[in-house]
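Some structures are shown below for you to check.
Both of the next two complexes hold subunit A, though its partner changes from subunit B to subunit C.
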Partner chain A sequence: MQYRDVAFGWRVIDWIIDLGAKLRAEKLVRIRPYLMVAPAFILVSLLAIGIFYLGWLSIHSFDTFLFQQGPISAEQYKRLIEPPSGEFYMNTLSRTLVMSLLVTAVSMVLGLPAAYFIVRTPSRTMRVLVLVLLLVPFLMGEIVRTFAWFMILANRGALGWILGLFGIEDGGILGTPQGVFIGMLQVSVPLVALLVMPAVRRIDPNLERAAATLGASPARIWRHILIPLAWPGLAAAVVVVLLLNIAEYDMPAILGLGRLPFVANIIGDIYTLQQNLYLGSAFSLVLLVISSLMIMLPFILIRLYWIYFVARKT
Partner chain B sequence: MRYFATNLKGAISGSVKLATIMALSVALIPTALTGISDASEPAAEPDKKPDRLIVRTWGGSWKDTYAKGAAASFTAKTGIPVEIDVTSFSEIQVKIQQSVNAKRRPPVDVVLTIGPMAYAAQVQKISMPLDKHLLTNLGELSSIGMPAGTTNYLNVSTYSQPIVYNPKVITMPAEISWNEIFDKKYAGKLFVTNTYSSLLYPVAKMLNLDLAKDDLTPAFKKIAELKNSISATGDEEEFVAGIEAGEVTVGITLAATALEVGGLKWIVPKEGSVVGTEAMYVPAGLPEHVSFYAQMFINEAISAANQGALAAGIGESPVNVKASIPDFMKGDPAFPLTDADIAKYGIVVPVDLDARNRDKWQAAYTAAIQK
Partner chain C sequence: MSNTQSIEKDAETSRPVVKLSGVIKSYGSLNAIDNVDLEIRPRELFTLLGPSGSGKSTVLRAIAGLVSIDSGHVHIKGEDVLNVPTFKRNIGMVFQSLALFPHMSVFDNIAFPLRMRRIGRGEIVQKVAESLDIVRLPDIAQRKVHELSGGQQQRVALARALVYNPSLLLLDEPFGALDKRLREEMQLEIVRLHREIDVTIINVTHDQVEAMILSDRIGVMNHGKIVQVESGEDLYRRPKTKFVAEFLGRANCIDGTYRDNNGDPHVVTSAGAAFSVAGNSDVSDGLQCTAIIRAEDIELHEARTDDNGLTGIAAKVELRLFEGEAVYYELIVDGLKYPLRVASKTSRFSPGSEVWLAWRAEQVWLVKD
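Right after this comes the complex of A and B.
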């Protein structure tokens, strides 16, 4: 009969307990916070390496036929702005940014009241119902969700059929900016509502009641109480939704019928159809820098506003 | 199946070695077809077999046809199961390039791709030279199957990209030029592929431009005139989705796709339509025993029986001269079968010219068709 180390499992547990005790030891207390952030730090470092690699590729010329890297050059960045394709790349970039900003703005307008309704409604049934409706888009995969919209927005889909009843032929909006916009909005609004809900929940309802008692209109209550106090949640929602929209791929590809590509679609084409990793890297970095600036800019402006106007007044 | 495979494996190793059979058969191959490596010694059958062979093809009928045809007969002969991978043809090439550069094992063992990509893979040395001793069916290939100078791949079928339309919605004259699709009556209902070749080559021919020598700006300008007429772009899947959703009534796509959808008609314009090839290669960097069986798979794919099944299954013209030709292909210019047919109805661009200019032409084409 073969010897079996039956106590092996117990020894491992003892070892873990010992390790835990050592970690709790006073001399390790100081480095424990660093240990806790270490995994996140490693992940971010790996991402940084990836971005550095993209940067390295983007500053070299590249022969796609021979698959050979050339000398350091600004060739890839020049291609993004110079003829014959530069104008198209820049159009794609501006379409991506404008559409993302628009969808994010409309999502905020629609998502915040939805979050408020869920938090403040006294009806448990309504709260659950609205929450379920918000969560449904997340329960299905992105491709399934996008194809569901494809079926609705097509000429031979539900929208085309309804418009056909009024004598409007080919009334579908696939392949149009409106079609892509609706598809993106349907994902963004629930996301905003879910991200803003905790912030709204933290607002004391008595503040609203007090303001109303003092004669404030609902619009004033929103402007002076709800929006300022929900600001942390709103800011988080703007960052998440804007970044997700800027990186959108499926909606422009499927609902745009390939006619209204976003930067992510074009980067995909550059990588695969053109086999040019170097040009794709350059475009990826341009998008990364611009989207980072877009995220940072409002925070910088708000900070400046607080420093120079609000703080001075008080 | 496992029982059968095990028995077959025993039968082969117990009597005559597979490599010996191949070495004997190779004498039938005409010496004219010699781009492929002609090592004096036939490759010895490896001691071990791979657990499976991963073959990259397209999805849909490609996957089904290869699974039932070449993969099934390969498994029956070797006992090695075949797994079909449907990663995009362009994506898999990038993955193989990266794997070979990093000296890692490539993600697939056999690649079915388009001719220019297979040629690029040969030039980039990311594919391995094929061994003539293992390709016993080589002698049955037409000149299209193994063009002169190729060492690392074989063409396994040809396809054409005519103008396809929905006859329930529009009618087309019996004889047309490529200029027809520029007619405003097709505005908002036109599909074009997202790869340049299907439209750039016909438009260049229409404008009498030499792809190798002339500046192609006029061709891209002409294509850009379609910008507002195009309702959808993409691959075959997007064409089918567009037709079914009523967004597309006319488009440029594979005759094979039109055949698969059903209820569509196609027409080869007077300038001809692009005739391309699908090719197979074995990525470099595979273990020796895997590459041995990968080449055996390619040999199965070009056998007369599997080529006939391929023609019937996916509607692409076979390159094995002994393959049976489905009735629907006979006499249809969208399925050119002989060199004479291709010369008459096809627009053929040399693979090296295509591969060399892929990056430049694709970028200009995308800018021309997209908004």
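Right after this comes the complex of A and C.
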């Protein structure tokens, strides 16, 4: 039997195997790991190039009359900090940070018990019910969800109507910090619960029972057993939720009625309304640096925890 | 520690440390504990023995307050603890998984109950050292839990449950996962601790040998009910039910009819074979009963013996296994559904041979059906 009698399909497969054998030559084997990380590397490099470009733009002055780039200067950063415009930008920045931290803190307080309940409830029905309740609003799309809250929080919306039944008029909280806060919380709590759940699931329930027999009240079981053991999951949740909240755009725009803009809203305005790439780049970089520092904070805290509570000098 | 700890002497020593009355706990339609009444005496080493799923662990957890009971009462030292949460019950408990805190050192694990009681620093250091001495593990306080061997972890868990001098120590099958040698070592350790420390111990196990070695009294459980509470030997020699007889050791249960025969009592099997038994006031003439004969009480003979003290039954050897300390036989008897089991010294009967099984009439224990 001649090789050419072999069915065409098998000849193709044999050819691919031959090709593969050639590609698997010594040298190629050595560089294969690098080939595999190449796409990720290229993506990250592109992002880095973008950030460098932002930095390059941010250190130039901008002539708003001629609408063209000026010489290298710290003008954009001065405008972010110094009066007369600086006050507005810094207020926006601090509003963003304070609100994000507050929302993150409250969503941790609410999300952790929710995760614990989902993991530990003996009833399958309750577990599925709570999971669905957490997930459905979380998955239904940002704009739909935000406008749903709009309907609830508006002056003549559901909240105002219910408050009206108790004789409180003008109950809408659209355009107030409370309104934005509630909207952001509703996204953050499910996220915290989902991120913390795997960490809670890894904790042996007998540890809690043992702690109880040893004299620990429920609050102290949380303090000494659950939170320390779930710590990695908690740190991850803090990082993710904090980042999402710092970059929040549509909650302040829609539920805040634009009266309480966050940094992201202002950067958008600078780019689209003022058409000032240079100032926008500077503000973007400031936000990037501050949020990076805030991400590192929980890791520093973990480090300190290990140094003071776990590692012990022998 | 026995000389330093303050021993609380109960004025009425007869008052039970733990008293369960009418305790019921059900999961869905299944009763995990079904109307359990139990009294544990001071300084007793009590074992709850039963197959898995018999509710013995649930009883322990009800005492510890880790499961809420549906009805009934649990009294600890005379106090109804229905509304006392676990952390205020002041009991020590060792879990099967040990439940040592993985994020703490050995010292911090043992110091945990002391810290929960807001005990001062100096006393914590002293008490942890004392309790590590008691379980004979000095010099490991700074180690991490995962660096210890299985046996060391057992001892640390014991030290942690004893460091605050609880009057009651609950053991939830802590030796179940150990290999045989380590298990025996830990059982002896428990006996030693019980002798040295003023503590009442309730142990849960499915291992009948462990139960008989350790316990002052054993409560046998089945299907959520306590079947019989007695010392190990009484349970073994005088079981109240067929279940208890079969659960402890190797018992042969021969179903038959009790015949009084004017002072010469016999049990007659359905196949007509009869053997004499000692008189029993529980069973009256013509009643269905089960005769229980221990495997080690039966002798094997070639033919029926003339010894008047011996009674017996004819059988055929089905299986012979050499076990070391004894030779194990399974024998077929006409009219019996199950083969009889005999632990004999002799190995001279080969499978297929006809033999005569002989035992003393007073070694037969009768149970009403």
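Keep this in mind: the second predicted complex is superposed on the first by the 260 of 314 C-alpha atoms of A that agree within 3 Å, B and C clash if a C-alpha of one lies under 4 Å from a C-alpha of the other, contacts with A are read in each partner's own complex, and residues count from 1 in each chain.
We take it that contacts are C-beta pairs under 8 Å (C-beta built on N, C-alpha and C of every residue); 3 or more make two chains touch, one makes a residue touch a chain.
This structure is a prediction, so every number in the text was calculated from the model and none was measured.
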Check your understanding: Are subunit B and subunit C a fit on subunit A, or do they clash, once the structures share the same frame?
Key -> fit
Exercise for review: Please work out whether A:D204 is in contact with subunit B alone, subunit C alone, both, or neither, and reply first, second, both or neither.
Suggested key: second
Check your understanding: Does the superposition put A:G141 against subunit B (first), subunit C (second), both, or neither?
Key -> neither
Review point. Now for A:I266: first (subunit B), second (subunit C), both, or neither, which partner does it touch?
Key: first
Practice item. Identify the partner contact of A:G20: answer first if only subunit B is touched, second if only subunit C is, both if each is, neither if none is. Key: neither
Exercise for review: Measure off the angle at the C-alpha centre of subunit A toward the C-alpha centres of subunit B and subunit C in the combined model, and quote it in steps of 10°.
Suggested key: 150
Practice item. Mind working out whether A:P232 is in touch with subunit B, subunit C, both or neither, as first, second, both or neither? Key: neither
**Study point:** Larger contact residue set on subunit A - subunit B or subunit C
**Key:** B
Practice item. Considering only touches as defined above, state whether A:Q275 meets subunit B (first), subunit C (second), both or neither. Key: first
Review point. Of the two partner chains, subunit B (first) and subunit C (second), which one does A:P298 touch, if any: first, second, both, or neither?
Key: neither
Check your understanding: When the two complexes are placed on top of each other via chain A, what is the minimal CA separation of subunit B and subunit C in Å?
Key -> 47
Check your understanding: On subunit A, what residues does subunit B touch that subunit C touches as well?
Key -> none
Study note, to complete from the structure: Counting only contacts in the complex, subunit A reaches subunit B at residues 64-67, 79, 84-85, 87-89, 91-92, 150-151, 154-157, 160, 170, 172, 174-175, 253, 257-261, 266, 269-277, 279
Practice item. Provide the residue numbers of subunit A that touch subunit C in the complex, in ascending order. Key: 204, 206-207, 209-218, 220, 224-225, 228-229, 310, 312, 314
Review point. Contact residues on subunit B for subunit A in the complex?
Key: 88, 90-91, 93-94, 97, 120, 123-124, 126, 188, 194-195, 217, 220, 230-234, 238, 241-242, 244-247, 355-356, 358-359, 362-364, 366-367, 370-371
Review point. So in the complex, which bits of subunit C are touching subunit A?
Key: 64-66, 85-93, 95, 97, 99, 101-103, 105, 112-113, 116-117, 142, 160-161, 164, 170
